[in-house]
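Below you'll find the structures, each written out as structure tokens.
One chain, chain A, appears in both complexes that follow, with chain B as partner in the first and chain C in the second.
On to the complex of A and B.
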């Protein structure tokens, strides 16, 4: 189910995001917190960002570009961006 | 056909004996297609079959030739790229010497200079190998 298929709240989007990120990147779900750094927590290299973009599009139906990542440092930044793109 | 094998080195940085593509048949931003006749003296042939590594390199060179062709069409110079990662690899069969394979590549995502593509190679309509590949384009 995509976030746009049935209108989800931002809290629901955040919880779903924590689920698929923890599963895909094999990271403890409890470390995916708004104040934590996204790159460091998920241990992303430049190639991994492509996987992240694919995951976001498949799970949330949100398209991200390289430019978008310039404003993302923490998961909180990421949730705010996704919320804006989903008009939540 | 967009680029015959006699001109393919104008679009890829590879040189003999490591050219794993013959003709670039089509290249749009949505789909690339090429073919390759498997010669007995191909360096990646073993025991009469082109090996998995040859099929993977063929997919990568199909990307290289297509990106090169599209760059030229856009009046730019072809850029050098390399394989960043390979995933979801499935091998169903290997082509024999003296057979021709067709390869289809579909660009799926782009993030900056990294492209995620899906590549599949076929022989007589039967799939031989499929994978996803991250191609990093430099320059």
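On to the complex of A and C.
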């Protein structure tokens, strides 16, 4: 399901995000929790942020920029930003 | 003082097999690795014939970050290099603490470039190409990826010389070690197998169209050949100073005793007998041997009338009619950027197992090939000294000579 094909709830966006992030970055899905740090949990380096932008665009149809990531520390921050962009 | 240069490890990932053992069996059996690939016909290729290897899943070996910058050339080269390092008794801990270089042959990254540009055109946003594309797209992709994966600390560059890339990479590694600048250099050649990489070559009309008989289509030196067949994969050769190999108790598979090279300075795609002869004579002079000391020549011959004919004449001119000659491209097809390295691996496997791999499909000689001793059936024979030729577009020629230690 694509976020813009059928309007998803924020809970559905969160669950889908956990799926594609755990698969792409090869981390335990159970570690992708709102209170956990996004960078540390996914073990991101500067190049990985480019792929994160690609994944979010492909899966949620939301285009994030480098500026957007300045306000993201935890997965909870990330979900709030995506929710705002999707007007959820 | 010049250092002796030996080979302490080899690895291969080719259409004859995905490791040394499989490839040795295929060489002995005279097995062809050529197939008919319908997708090439659908694409618009004149010839759908190609050598084929599987793309391995590297998830079991490498992290996502390590894999993301790899496309076919680096993927195949990783498989061949992993085997060669194991063969040589080298692990990452040792490589990280010592100085080992890498000079790898590669001359295209066509499919990854096409994929990246297609993505940008679709999205109208270069960010959405992703982070791996730049490292897949540069011609030095093999070096970039392998030097970081294996923590290499020595010389690090890619060598592009068309279909002599793999051979010259070994030649450059040889020079680095013989001059005392490096103790060990990982050399080799990688060749992508995909439509994007070979479409323009197919467009020249130089590929065989014997599509009803893929295994019989590559027939170097045979009177009835009708063109070459593209192929690929990767081959890795670990070069080391004799002293370093002895000190660490490494296996010594052969000594590299001669490297000859030349440029034709003439036509961009036509071969030159004079250029080939100069390369052969330079390698022999450097090796300090007579022509009758060479037990076998692994020819460059690709199955094109012009190319095979000129090489046959060059070999006859320098060696006369006796030395056994075969082209393993009769089985593999033309492994292009990889060929000079893979044919050193094939030659070492033959030396180790005392046989000459056949020039399959050699049924009728032409005027030139009738003058040299082409081995059409597998021959059991001890070999102490072998020579391998590689020639490429732009008139670049390379000759390597190996001897048992």
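For this structure, a couple of remarks:
Here is the rule we use: the second predicted complex is superposed on the first by the 88 of 88 C-alpha atoms of A that agree within 3 Å, B and C clash if a C-alpha of one lies under 4 Å from a C-alpha of the other, contacts with A are read in each partner's own complex, and residues count from 1 in each chain.
Just so we're on the same page, a contact is a pair of C-beta atoms (placed from the backbone, for glycine too) under 8 Å apart; a residue touches a chain by one contact, two chains touch by 3 or more.
For clarity, every value in this text was computed on a predicted model and none was experimentally measured.
Of the two partner chains, neither chain B nor chain C is touched by A:31. Applying the stated contact rule after C-alpha superposition, one finds that A:10 touches neither chain B nor chain C.
Within the superposed three-chain model, A:81 lies out of touch with both chain B and chain C [touch as defined at top]. Legend: residue contacts after superposition of the two complexes on their common chain; A:47 is shown touching both chain B and chain C.
Residues 47, 50, 53-54, 57 of chain A contact both chain B in one complex and chain C in the other. Taken in their complex, chain A has these residues touching chain B: 46-47, 49-50, 53-54, 57, 64-66. Interface of chain A with chain C (complex): residues 24-26, 45, 47-48, 50-51, 53-54, 57, 63. Chain C meets chain A in the complex at residues 63-65, 68, 123, 125, 127-132. Against chain A, the residues of chain B that register as touching in their complex are 84-85, 108-109, 111-112, 114, 116, 134, 136.
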